[in-house]
Structure formats: structure tokens, C-alpha cells
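One chain, chain A, links the two complexes that follow: it is found with chain B in the first and with chain C in the second.
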Partner chain A sequence: MAAIDDRSAAPEIESIDPNAVKKELLSKYPTKVARKRAKQIIINKVGDDCAAPEIGANSRAIPGIITQRGCSYAGCKGVVLGPTRDFVNLTHGPIGCGFYSWLTRRNQTRPPTLEDPNFMPYCFSTDLQDEDIVFGGEKKLRAAIQEAYDIFRPKAISVFSTCPVGLIGDDVHSVAKEMKEKLGINVFGFSCEGYKGVSQSAGHHIANNGIFKHVVGLDDTQKEGKYKINLLGEYNIGGDGFEIDRVLEKCGITTVSTFSGNSTYDQFANAHTADLNTIMCHRSINYVAEMMEKKFGIPWIKVNFTGAGSAAKSLRKIAKYFDDPELIATVEKVIAEEMVEVEKVQAEVRQRCEGKLAMLFVGGSRAHHYQDLFAEMGMKTISAGYEFAHRDDYEGRRVLPDIKVDADSRNIEELHIDPDPDRYRPRKSAEQIEELAAKGFSFKDYEGMMPDMSDGTLVIDDISQYETERMLEIYKPAIFCAGIKEKYAVQKKGIPMKQLHSYDSGGPYAGFKGAVNFYREIDRMVNCKVWSFLKAPWQTNPELAATYACE
Partner chain B sequence: MLLRHTPKEVMERNALTINPAKTCQPIGAMYASLGIHGCLPHSHGSQGCCAYHRSALTRHYKEPVMAGTSSFTEGASVFGGQANLIQAIDTIFSVYDPEVIAVHTTCLSETIGDDIPQIARKAEAEGKIPKGKFIIHANTPSYVGTHVTGFANMTKAMVTYFAESNGKRSEQINIIPGYVEPSDMEEIGRIAGELGIKTVMFPDTSNVLNRPQTGKFEMYPKGGVTVGALKTIGESKATVALGQTASWPAARALDVKCNVHCELLDLPIGLKATDRFIDTLRTIAGVSVPDSINLDRGRLLDIITDMHQYFYQKKVALVGDPDQLVALTEFLVSIDMWPIHIVTGTTGKKFEAKIQELTREIPHPVNVKAGGDMFLFHQWIKNDPVDLMMGNTYVKYISRDEDIPFIRFGFPILDRVGHSYFPTVGYRGGMRLLEKILDTLLDRQDRDSPEESFELVM
Partner chain C sequence: MERSNYVSTTNACKLCKPLGACLAFKGIEGAVPMLHGSQGCATYMRRYIISHFREPMDIASSSLGEKHAVYGGGPNLKQGLRNIMTKYGARLIGVATTCLTETIGDDVPMIVKEFKKEMGESGLHDLPALVTVSTPSYSGTHMEGFHAAVRAVVEQVSSNEDSAHILNLLPGFLSPEDLRYLKEITDDFWYPSVILPDFSMTLDGPALTDCEKIPGGGTPIEDIRRMGGATATFEFGSTLADFNSAGKFLRDRFGVPLHQMGIPIGLRETDVFFDALERLSGTACPEKYVLEKGRLIDSYVDAHKYLFGKRAVVYGEEDLVVGLTSFLSEVGITPVLCATGGKSGHFKTAIERVTEGIAPPAAGPEGSSAVQPPAVYEGMDFQQIEELALQLSPDLLIGHSKGYPLSKKLGIPLIRVGFPIHDRFGAQRILHVGYRGTQSLLDLIVNSILEAHQDDSPVGYAYM
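This part shows the complex of A and B:
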């Protein structure tokens, strides 16, 4: 372990044995904890058929380990429904949950005019008090919905349950139903109490179910335009969605809806009229895609607009699906145009970034996607992991039949969906699907993060503060990517830290322009002067202090 | 217009809170816990709260904020969180080795009714608490009070768990600084030092949440009040509690437990409150005030006399936490500014009465509301515009929409630095506040004045 404890110089990666690292990470834990963490810290080794080793994921966090995870409410209200501008998103609970999810995720929105509603800068809460906990909060919830309606006249009001709501037995769904009838607008609730499931992930599922049950399919209007797609699991952080929209528009592809960056109620209601679902964030939105396929016959494919190469690949995939020579030609033209600037900046930053190490520990999607961007800069991902992804996000959907739902997640509702008697319309015939498959086109597929990573890299699920610190000391990466809670602890160690949730107020990083932004940002960070100033002159050479200048 | 749905007309609301001027208890308890040296805060609830509280404090301070959580699952939420907390205690001491684990609760564990001291005793019986290490706790139900209440509760827990009394009295004076910035705690400590008084300040987040960049991450930074010092607070000569809401419960508890005389003062923001703070310290300790402090006071006065024309009769709107607002209102009135809309999210009739008393001489209607929100605050401003607003970062949305100059003050400040490094308390803090007010007002005058009256010298 000599190489591990040498803190003075950047180590030679080849000399670090990942098995020794894993052993080291586990060594400080109590036996039971170590046994559990061992299943979540995996040394990657990809088999011949792209099979990755099995990882323990989506299991409960260990109390006291300092996890970075959040809760089901955050996954439901904060992530999936928060970015929709014309709902009044009402938090039913004490004030904290609403307060902390108020404008803290950078989902940009751009209403076409000042007359269009935009409630995103507001925080709505029932602000439960002790008497509501004792006597129940339904009365206050009913009154709050009424007041929200009277002041704002929104298209829809959605109610989000927080921890105590489930315990005191408030029935948010019946209150919502009652108020829907009374007010004549759509009112619906989410049972996304923070203790449901083991992470934000449960909240995604609850949000998917709710939006599908209560909104998707309510409006059959056919949107004008060719090649109609939905972009699922794109939340427009720092304008990512705008950049993707720009590229799609340039290609002549029509976006019917985005789930849910820069989205509106009407887009969700109308989403079932698209001909293809494209998934960016597999973790948070695959449920809606599956349900839309079953009910309306819309196939889905995985795309990735993070990384210029990945964006190009995804555009080609969409074009191949529609199988129209005109679209295929336009897509190629757009890619060629966009790549000019991308390649120029890529070449420039490679000179300064090539070979440097990155580590990525982000939510349930970006730890994979962003590896493409680093690879484009010549940087290597030595370790990566998710907070709350499931095995299919790590190992690929091939393992879905093997995943056992454990006791902590069993109570998350699984909707039973049947084809819509009138509106089910397979977008591709069985023969067309077969034909596409023969050309190497895969539907409903996500191969996961691990098959894309090199052998010997460490894949760590739900990384703890302690493991983070040791990984930094052992590998001394050039950059560490995670979130706000990790940021300053990492930087105090003298290592640049890029937030891949909030982008540190930067972005967009998706699409072609986003790639250029990201290259420049990472180049700035890994080559920033400040890291060379950490020691004062008198700290580096104290023994010289006693000489006189005149001697 | 970002807040374009806010109507000018005020409609009475009984159930719906919009844009709160407060947040929930546990974050205040977490902040207070970080003011104990070698302490790891622990959130006994589901992990989302802990993630949110750590994130909010981190965004405000741009510093690491560490805390453990019991990570409740649905099972624990129904059957109780005992097993979770015991496992957390074991994991924390094995991996992170703090001196103290300071446990606070959330609406989840409070609704269930988990008994923290009983769980801690069980952990001790099972040998999960190493010798010489401590577990303290405060009940911090999110559906009672605000983040300031949580701060007060955890500060009180420091008294409950650590204060000892052997009947002797030392010359030492306790200072409970209130829910203020690390820079403010540092300044309060500096002033006491200038007076030559031996003090114990608790909690003390200076050098914890404004620590230096050294190339090393220390889980437990140099700052924070030590357990050793906390054990002596019961023998101190007196306690000076700054801020009724944040500090008084701990001071009273110490008086009851160890018979330590306590003085309640406003936060020392501005001239008069700082005068009272220094005068009280001087009297209790029996020391004379050194020239260095008179010098600072004179400088603050000098800025007021030099620049009074720019303060005079300027209308101000304030939103924030009650202790800060009381002191700030007094300061603004003392320089002849007119604080006319004042909102805190914390409820309490005393607050409203106090503000009314302080603003009595302003010849203009004054709106004050305890338990109000920033939606109401905005509506008041629409109905009676002001020259300046002071409040946390969320006020910037109103500032942009209404084109009213704005100074960041209070918690949280998410989009600027300075608050954790430079104080707003004491005479020096007063000077900084005046500089901020003048910069903001004069920048606006520069922006708006016609070319012919654009001034070089102001």
C-alpha cells in the first residue's frame, strides 16, 4: 500500500492495484457495514459479450455513513415536476421541503410571452404547524388549494406529500379529487413522502406514475411538423434543453414534449401524439417511456446529447428510426457544420488535458454521460458511480429480469397499463422493427455505464464521504465531479471540483455548443493557477529564513 | 417579470404560504452543532432533510458542511428509528471519530415520537459510544417555529448536556452570540478580547464555516467551542445572550440549571445596540473600555455625520429573522432612515410590538408582520414602494422586478461572498453596513441621475 499512502506526488496509475484500493476503502468500516459496502464497490471488468460485474445498487443507505443521497420528495417534486412552469406545485408539509427545493435546481424555462404563466420562481407550501400534525392537515390543504386557485388561476395544481403527511394519514388524493371537481381544473397528488424507497429514485417513479395517470393523453391535438419525438429525462439545467432543441430544430425534428425541462402542462397532455420517445436520463423517466409504449404504441430509444460525439450518434439514431433520406442528409449536414468549432476547441484543450484523471459521482445518469465529454478531451475516467441508480443503469437493461425488488422499495406502486382501445397505434410494424434491428438498431435498450468503462476502474454506488476522501488521496485525480455537498471538501484537498448537478452556475453542457463550453470549463479548472499557491513561500522553504540579504 | 403573478391587491390567506421568510428547525440545529469543536451534527430522520440542510448551508458559506443521517426507510418510519440511530452511532464513531455527535430530529422522527435519550442510553449499553465521547440531542420538530428555533434548541442542549456547577464562580463570562455569521461571532469575541474579558462563546462557528484553503480537508476544523469550555459555563459569572429568539432559551436554562445570572440584549447591530452590548460587558466584568473601542465607535459616528444626507428619510423594506430585524430596525431609525415594511417568517406578537415601538416616531405608516412571507412583503412594496430593500438572496427577484436597490443581509445568501468573512455586528460591522447602504444608494443615484446633475463628488 506504499503507493496509496504517498501523498506527495501524483501516482502512476498502473502501480495502483484496484483490489488493494477496495480493501483499503472497506478497512475502516464495522464488519456489517464493510460487507454491505463490498457489494457496492466494484472493480470493473467487462466480459466478451459486454457483461459487467454485478453491483449492489438501489439498496438502503447505511445510517451515519454520510451519504450524499436525498429523498423521494426531492426526486418527485424537485426533479421531475419542478421544471414545469405552469403548474402550481404545492408542497404539503412543514416549510423546509418547499423552501429547499425553491429555485435551487437550475431548470431554465422560457415562456413565449409575459402573458404565459410561469410559477417556477414561487414556492408554495401548506406550512404545516403542530396543530395540523395533531388534528390532520387535510382542511388546510383544501384551503391552500382554494387560495392558490383564487390568486393564480393555474391550469393545474399538484400536491406533493412530505414525511409527516403519510404518518398522520392525510389523504391528499381524495382532497385533490374533491378540489378538482370543485374548481374545474386538474388537481392531483403525489405520495412522495421522503421515507419512501431509499433515495430520490422512488420519487422519480412516483412522479412518472402520477403524470402518466393524471395528464398524459388528455389532449389529442396533432402538432404540426415532421419527425415528431418526445425528449424524456432532460431537465434543462443551465439551458441544456435549449441547446438540444436548437440542434433538433436545425435538423427539422419536431419536439412534441420535453419531460420536463422548459415544459408545460399542455405538452404533457399531448405527449402521446409523438412517434418516438427518446430518453436522456434513463433512471428518472424510463417508466413513462415504457407506459407510453404499452398504452399508445410509441417505441423508445436511449439517446445521449452529452458529448459532441454522442450527440452526433444520437441524431443519426433518430434519423435512422424515421428512415427518411431527407432527414438523414440534413442530420449529416448539421453534424458537419457543428463539428467545426467542436474539433477546433477539442484540439486546443487536448494539449493541456490529455491523460489527466477524472472521477464522477453524480445522481443517476450524468456519471455515465459525462465520461464521453472527458474522453473527447483525452481525459480518463478512473472511477465513477451514482447516488441512486439501479443495476440496469450500471450494468445495462439486460439484467432487468434478475433484479429483485427489496423490502424498502416494494411499496412503490407499479401501474398496470393496457393498450388504449382507441389510440393505441404501433408506430412501426413488426417487420419494420425487425428490419431496423437487422441494421443494428436497438429499441428499449440501455447498455449501462459499466460496459463503457475500462477494466480496473472502480465503480462505487452511493459513495460515502470517507470513501471520497480516500479515493482523492489515492488517485489524486485532476478533477472530481459531484455535487454541492462534496464540492468544498474536495477543493480543500487542493483538487478542482466540478459540480455536475448545478454546473457551478455554468452551462449548457449538452449538444455541440455545450461540449465546447464544457471543454473550456474543464481546461480552466484543471489548469487554474490557484492550486499552485496553496503553500506560502515561508512554508515551502522555512530553513532559509535565517540568512541575511547582505551576506 | 419573474414574479409577475404577484398581484398588488393583498388577499387574506389562512392556509397557503408563498415564498417563505423562514425555513425549518433542523438546519438551525445543524448550524449550531457545527459551532462545537469536533462535533458531527446528526439528522435523525429520512436522509432528504440532511441533504437539503447540508446543501443550503454549503451554498451560503461555500464551505464543507458535514453531517450524518439516520436514513429512515418506510419500515423505520412505521416502527421507529431506534435501530437506525444505533447503527449510525456505531458507523460514525468507527469511521469519522468525532468528539460529539449532536443529534437533531425532523418532522418524521418527531411525528413518530422517537425517544433520543433512550436510544442513546441503549447505544451506550451496547458499547457503541467510545469512552470520553458524547451524544447530545435536541428535539427540532419542523412544524414548530423556524430555523432560528432549531438553533435555540440545540444551543440549549449544549447547556443541558455539558454545563456543570460546583458552586464556585469564575471571572469568565458566557456569550451566546445568536444565529449570526462566523464573522460576527469572531467580531463579538474580538470586542470582548479588547475589553480584556475572559469569555466562552457558544456556539462558535468562526474558523469552521469560514476556514482557510490550506490544501488539506479537516473533518473537524480548528474552530468551535470545545467540550472542555462548555463544561465550565455553569461556573461563569454571567451569561450575555444576544437575541431573544436564538439565545434566550439557552441562557434561561443555564440560569435554572447552574444559577448563572443572564442578561438579554439585542444583537449588537448598529450604534445603540453595540453601545449596550459593550456597556453591559464592561459593567458585569468591572473593566474600563479601552481607546481602541472608542476609536471604532467614533469612526462609525463619523460616517453617519459625514453621509447623513443620503440616509435621511430613505424608505427601507426589511425581511429576515426576528433578532436581526429588531436590531437592524433600531440602527436604521437611528440614522433617520425609515424602515416601513418589516416581515419575518417567525411568529410572535412580541416582535410586532417591539418593531412598532422602535418605529413609533416615523411619520409614515409602518407595516410589520411576524409569521408573514415574502409574497406579502412584495405586495406591500408594490403598494408603497421603497428606496432600499434588505433581506436574503430571494429578495433579488423582487429587486429585479420592481427595480429597487437591494442589500443582501441574513440567511441564506446564496449568490455572493463576504458575509462569512466580514461582520455586520459591532461598530466595525456597523461601518460595513453603512458602506453597503451608501454604495447601493449612490450607485443607484449615479445610474439614474440626468447627465447635467451627474456628480463627481458625493
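This part shows the complex of A and C:
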């Protein structure tokens, strides 16, 4: 047993100087690269006013340095619009891009009946060939749209452009417009060529713009419900959205639309009838919230349903917004009910997990959100970073005015939005807003990840493979969270690795049941005896150390 | 049986070209594959390859942005090469193009030449081998990318300075387990071989590889250099007739005799491989394999009662489908549909070659008495495969994971082989080739059929 347990021989973290670590991480880079990375590797220090040090986020990846990042097509088609089940997502391009984004994110969806359309298991592509590249792909695109219509009769068809499309000059928007008129269904295109922007983040923005321009506001039907919200930036990976829906329903809160887990075209069309926008993943979806506020007068707040405590906090915040004693009482009752099981399991896993170290390098919000879950288990996040986030996701929206717009971001369209002449209806009057503010309620309130992290922790943007390896060797964390691309490299080093993109095969982790699920799973992972077999012989038997001189 | 023709591809049965190239490069010692294009392709392909093999897979990218798409990606490519050299200590960098750089027309060999010159001028002579390959996905599939990369490697690395008593073995895209077995076979013939590519270690490595004493695996570059002087080349693939393969290059440039043969799956195709080895080495087939073959034939006979007349749909890469079809025909299974996303133009002839005079004739769909030849189609996607399969009442599917929805719809077993397998464990250790691989496929198929049979029966038979 002793031999097994001593894998946790992680160094005393107090004895590690983060400055030395940073230096070490940079030491092997050529000067130019080191200079750039130095701005992206930050030792956290939160000031009295909650200000965090500046981080160099959302800048181009360095050629040849292997990054976790994807492209804007991946952000647009793969992330934001992939999870909508009832319109046909047609990839315009050669076969690979579409193939790789074919149901690979474990988004779940639940059509009401088996007869209802669900195109998520499909991968539609124009599969461009030589001659299309030479003579242009518009003709093929037109025919492909017609074909998708003839066979599937979808409510809408959306077209996603991959790199070559922009270069050969295909105008997907005019083809879409033409086909929309011809077929009488909504057809719209996205110029989300992979070379736009520095990561999938550009694609999120493009997706937000497109869905807002072409779909949101098309259907004014008022849904039943006293407290109507939209849930933005929740993609229903591993069934997270189902758990959140369960909790909201139990509280009597109606979700008009989710962007975009388990979503449908009609939900988007109707989203502007909600009275509050709640944002889970700030990075991927804040644009839609901003636009809905300008055009329809719906305010937005940041929520987080990852972590039982955070879920409770978010529910209370929503209740406070609607300012209705009945809702407030229901929410408290629901929280009390749900927390019984949560607290029981928390206490149980804390016995085995307390004090262990975690590292999280994922996404544009999860590296932040999941720290709450780890904290609830008594685990400490020693280092974290995002893959494709911007400075506001790290340092909070307070820095928005200072963010320099570089050439890559300038190329992404900013829609100019005016209030809708008929449908603009501020959900809260100026006095109400003031009143809420006086009670400590704030809108558009994302404080970012860094102010929530301890001083001396390392915040690393767009961590490279090499840095990952060094961090593991230096800190020997009990668990490392990232995606499938990092999984096996990390595990080969004998360190448990949890995927926070696709959740391995697990989930849900959101809400209360999700939290319990997560505690149990992480407890099993970090305390599993299988890791003891990964020791090199000289680790289990120090006398051998001399003979194996290769550690 | 006619298939419908569509403009678009729905649920493709092929992947893109650079993915194949990256896999091939990964089978070379100390190699880092690199894609010249925007980073998304590299990320997507890494994710895809990693989740199949459950192993790390590095693919670097020159990370082009909008600006570079307009002005060309040369500077980024050079910077990327420099960073890979310093950061990863690469011994070979395999640069494959993507649709982006092909479309803008970057001249990669030229850029790399310039790069070498610049490095030389700055006093850096100890460069890794730099191999470039053109892989636009708008013509061809991942298999063309794979073969093109193998050819590029020998073209740009091999020489015939020393003639050597070695066999060049170009297996194509097989599993790490297959590659290990092939190595074992050539070793047992006491014949030195160079297997290119060999990702048996790099894509199925043991834990604890940080210990430098354990070699990282992959075909050693020194061995690739010697391939031009080898005694012979064996190249697997029945549909490569028009392809500028590595084997052809070695034959045409250096005069290395080339034996192209099908992937050795099933008795007859494996016999061809072993016969060729016997002739080359002048050694009789080692007893171990004689016994393997004997046991395989014995099990063919034993399995016959379960398999005869069963109808199979086989899909995937062309050469793999040919090998599997050959094997299925031998054991009495009727291949009713052979489908591939590739378009070599030789698929049908290859299928005919391996089924002729042996494949049991397919009875027409239920209720009809017509006898049909197997339907053989290139350039297929799963939409088309499904439409045909629904009319053919098959008993089983053989292919990769992407056929699962169809197997679910038809309620018949799917025998998972090849790539990608993302819904089962151990894909890297599936053995497809040789007597032993055929044996394990046979056992798998028989057991899947028994299982389906057992599950369908209301009686709890535990004796079948």
C-alpha cells in the first residue's frame, strides 16, 4: 500500500516558486517566441480592487508550436450551430472539415418523438473536387442545397464555408439568398473560413452574428411562463443541459431557448420573447446577448451551473432579477432539497481528495467554471488557462475598453444593431435597474477567471504541448483537465486526465446531480490504484535508480 | 442493383488526404508531421487520430491566417520549421499541404529549398530530413495521402549508395498490431526488412516512454536511406495500378524489383505473401506459420456451418475491403455489397479477382429467385450504402465505426475493423493480416453471428 500511495508524492507546492517555473517554461524557446509566450504565462496576483494582471490572450498561435486550438469553422459549425437538430448544416468545402466535425462533441439532443427531425447524426458536405476549385463551387452548392431540400424537407439550411471556399471566391451568401427565395425556407450562409481569426473564437462570433441576423426574432409567439429566460452558451455535452432544465423547471422558470444544446430552429426564432438572458459560456455567446439587449431590450447576466454552489448562486440571481417573493421561496426550497445529497457526497470525497492539486486548460469558460467543482471537493487549482478566450474572460469585462483590436479580430464583422421599432421593450425600467443595483445586483457582470484564482497560481493562455509536459513534471498534479488531444500524453506521465470538452464518456456535470456525478468520478480517478502500475522500476525501488540513469 | 447519384456527400466513407500523410510520417523515427495551412486542419486530424489510437499524436501547423492566405504562407512555414527543430528535436519533418495552401498555390518544395539554404548560410548544417508532399483533399482520400507521403519519403530520403540484403515492406495503412506481426514474420524468415511506415510503437507505445533507453519506434531514417539498394520491395495494395507508389519509385529509380500484392487477409492472399517470402529468402515457411495456417483451415471448416450463406456488407478503404472480401468469400459468406469512398478505378476489378469462382452467388432479395453478383461501388457515402443495404438484407456489416448507425437501423452486428474506430476499445491492437489476423477476424465474426442468433432467440440457449 505504501508504494501505491506515494505517487501522491507531489512536491510541497509552497516550495515551488512560480517565477522560477515561468522562467523554466520559457527557457527553451527561441527569443522571439519566449517574448511572446512571456505575455501569455502570468503569475496571478489579484489586487484589492479585484484587478488581475494583464494577459496576452487571443493572439495568433506560433507556427510549429503545437496548440490546442482549432479554427473558426470549428467554432461556428462545430461548436455553436452543430448542436441544433432540425436544420441541415451543410459544409461547403472538401470532405475533411465536415467529416472531423461530425458529431464529435458528444452534444446530446432529445427530439420529442422519433419522427421529429434530427439531423445531428448526419454530416452533409459539398465534398469539393478539383474541378470545383478551378471553376468555382457555387453551382455545386446550389445543387446541394436543392438536394438537401428535396430529400429532407428541413425547416432551414445553413451553409458553412471552409478555407478553400473563401479563396476561390464563392459567394455563399448570394447563393443562400437565391435558394431561400426559390425554396421558400430559410437558407443562410456563414463565412467562417478556418483562416479567419486566431482560433475557434472567431467562429463563435460569426455564428452569433449569423443566427441573430437570419433567425432570432422571426417568430413572435409568446410562450406560457411567468419567468422566461434564455440559456446562452450551454451546449448539452453529456446531458448538462438536461440537468439544468430539470432544475429550472423545478423552480418554475421557463427556458424559451438554449443556445444551443438540445436546441431547435424555432427556439432561436422565438428567443427574443424571453425576459432575461443568462450566459453560461461568456466567450462563445456574449455577442448574441449584447445584440438581443440592443434590439429587444433583454438584459443579460452571467450564470454558472457548474458546481453545486455556483448553481445555487445562479438560481438565486435569476430569482432576484425577477424580484418575486414566490420565485425566491421556490428557489430556496429547491436548493435546500438538492443540497442534501450534494453535501453528503462532498463530505465523503473530501476525505480522499482534500488538498490535492488540479490543473485545467480548456475552452473559453470551463477552465474557470470547473474550478468551483474542484474547490467543493477540497481540491486546489494550481494552474489554469483557456484555449481560445480573450482578455475579458481572464481579467473580467472591466478590461473591455482597453483591449486592442488587432487585424485578426477586425476582420470579424461587428453588426450594428438599433432598437427594433416595434419590439424593443426594456424588461426593466431605469428605476428598477437602479433599485436592483442598490441591492448589489449587477448586469453584464463577468468578472473573469483570474480574480477567482489564488495569488501565485499560474495562468497560461493557449498552453503548448511542451509547456504541458513541463508543468506536469514540476507540479505533479493529482489531475489534469483538458481535451482528447492532451489525454494520452498526460496519462503516459502517470497523471489522471479528465476531458472537459467531451467529458470522456461521462456527464452530466452541471447542476446538482451533475456535481455529485463529478465528485464521484474525480474521486475514483485520482484515487484509482491503476496509476501505481505506471511507475518506472526505479521509482518503486530506489536502489535501482542508479542503474537506470535515464530519469 | 443500382445506386442513386447525389451532388453532395452525406456521411462520407473517406477522410481527407493530409490525415493519411500525417499517419505515414508518424511511422518514421523521430518524425514530426506538419501541415502547411491554417491550424484547424491539424487540430481536427490530431483529435481524430488520437481518439482512434488512444495515443498522443503531434501534428504541427504553420498556422496561416487571413493575411497569409492572401500573401502566401512561406514565412510562416519557415518559422514553423525552425520552431519544430529547436523545440521537438525532430529528425524528420514531414510537411503536407492542405486545401488552403494548395488553393493559393504555395510552392512548398521551393520554400523548403530556400529554407535549407538560409539555414546553411546561417551556419546550421545539421538539419533534420525535410520531406514535402502535396495533399489537396479535393482530389483523393486519406489513402492517397498516405501512399503519396510514403512515396515522398523514399523519393526524398532513399538512395542506392549501398546495396543491401533487405526487403522493403510497404504495408499501407494497417494497425500497429498488424505491423508488429509483419515484423515478426519477416524476422522468423531471418530476412532483414524495412517496414515503412512503422507506427507500431509510435501509435501504440508502452507507458513510461520517457525513459530514453526505450527507443521511440518508427522506421529508422538510416534504414529508409538504404531502401534504394534493397533486394526487393513488397507493396500491399490491389488498387494501386495507376498510383505513383513508393514501390514504383524504388523500382524505376533504383531498379529494386517490385512485388505488388493484396493486403494479406484470408488464406489465399496470405499464401501469396508467404510464398513470396519463401522465394525471396530461400527459406521454407517456418513451422510456426505452417501450424497457424493449418489451424486457420481447420477453423474455416468448423465455422462453415455458422457462416455459409450469410450476407455481408463490406465498406471502407479500397484495399482493406478487397482483402476482407477475399477472406469472406473463402469462408462461405456472400459479400452482397462492397463499397468504398475511394475512386482508384481499380476497385471493381480487384474485387472480381478475389471473388471469382469462389464467392457464393448472392441470392436476390427475399422473395426473388434471381442470383446477383455482389454490388461493387467506388465513391460511396453512407447515404448510398444505406439505401443499397436496406434492399440487400445483409446479416452483418464489416467496416469502421461510421457504419454503426446503419448496423443499429438494421439490427445486425457490425464487425469493427480498420479506421476510424471511436466507439470501441483497442482499435490499435486489432489484427487483420496473416493467418493469425484472419483467424482472429474469423472468430470475431462467428461469435458476433452466434451472439445475434442467441439474443434473437426467446430460449436462453447456452449451447450453440
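Keep in mind that, in the parts below, the second predicted complex is superposed on the first by the 525 of 551 C-alpha atoms of A that agree within 3 Å, B and C clash if a C-alpha of one lies under 4 Å from a C-alpha of the other, contacts with A are read in each partner's own complex, and residues count from 1 in each chain.
We take it that a residue touches a chain if its C-beta (ideal position, glycine included) is under 8 Å from a C-beta of that chain, and two chains touch if they have at least 3 such contacts.
Since the model is a prediction, treat every value here as computed from it, not as a measurement.
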{"item": "Partners on chain A (chain B, chain C) - clash or fit", "value": "clash"}
{"item": "First (chain B), second (chain C), both or neither touched by A:45", "value": "neither"}
{"item": "Which of chain B and chain C A:520 touches, first, second, both or neither", "value": "neither"}
{"item": "Touching partner for A:117 - first (chain B), second (chain C), both, neither", "value": "first"}
{"item": "Which of chain B and chain C A:180 touches, first, second, both or neither", "value": "neither"}
{"item": "Contacts of A:350 with chain B and chain C, given as first, second, both or neither", "value": "neither"}
{"item": "Which superposed partner A:30 touches (first chain B, second chain C, both, neither)", "value": "both"}
{"item": "Touched partner set for A:155, first chain B, second chain C, both or neither", "value": "neither"}
{"item": "Overlap of chain C and chain B interfaces on chain A (superposed complexes)", "value": "28-30, 33, 60-74, 90, 93-102, 104, 121-130, 132-133, 140, 143-144, 146-148, 162-164, 166-168, 194-198, 407-408, 411, 465-466, 483-485, 487-489, 491-494, 534"}
{"item": "Footprint of chain A on chain B - complex, ascending", "value": "1-5, 7, 11, 13-20, 22-24, 26-27, 42, 45-49, 51-56, 58-59, 62-77, 84-85, 87-92, 94-96, 106-108, 111-112, 141-144, 146, 211, 213-218, 345, 375, 394, 397"}
{"item": "Footprint of chain B on chain A - complex, ascending", "value": "28-30, 33, 60-74, 90, 93-104, 114, 117-119, 121-130, 132-133, 140-144, 146-148, 150-152, 162-164, 166-168, 193-199, 407-408, 411, 464-466, 469, 483-485, 487-494, 534-535"}
{"item": "Residues of chain C that touch chain A when the two form their complex", "value": "6-12, 14-19, 34, 37-48, 50-51, 54-69, 76-77, 79-84, 86-88, 98-100, 102-104, 136-139, 141, 205, 207-213, 405"}
{"item": "Complex contacts: residues of chain A adjacent to chain C", "value": "28-30, 33, 60-74, 90, 93-102, 104, 121-130, 132-133, 140, 143-144, 146-148, 162-164, 166-168, 194-198, 200, 407-408, 411, 465-466, 483-485, 487-489, 491-494, 533-534, 536, 548, 550-551"}
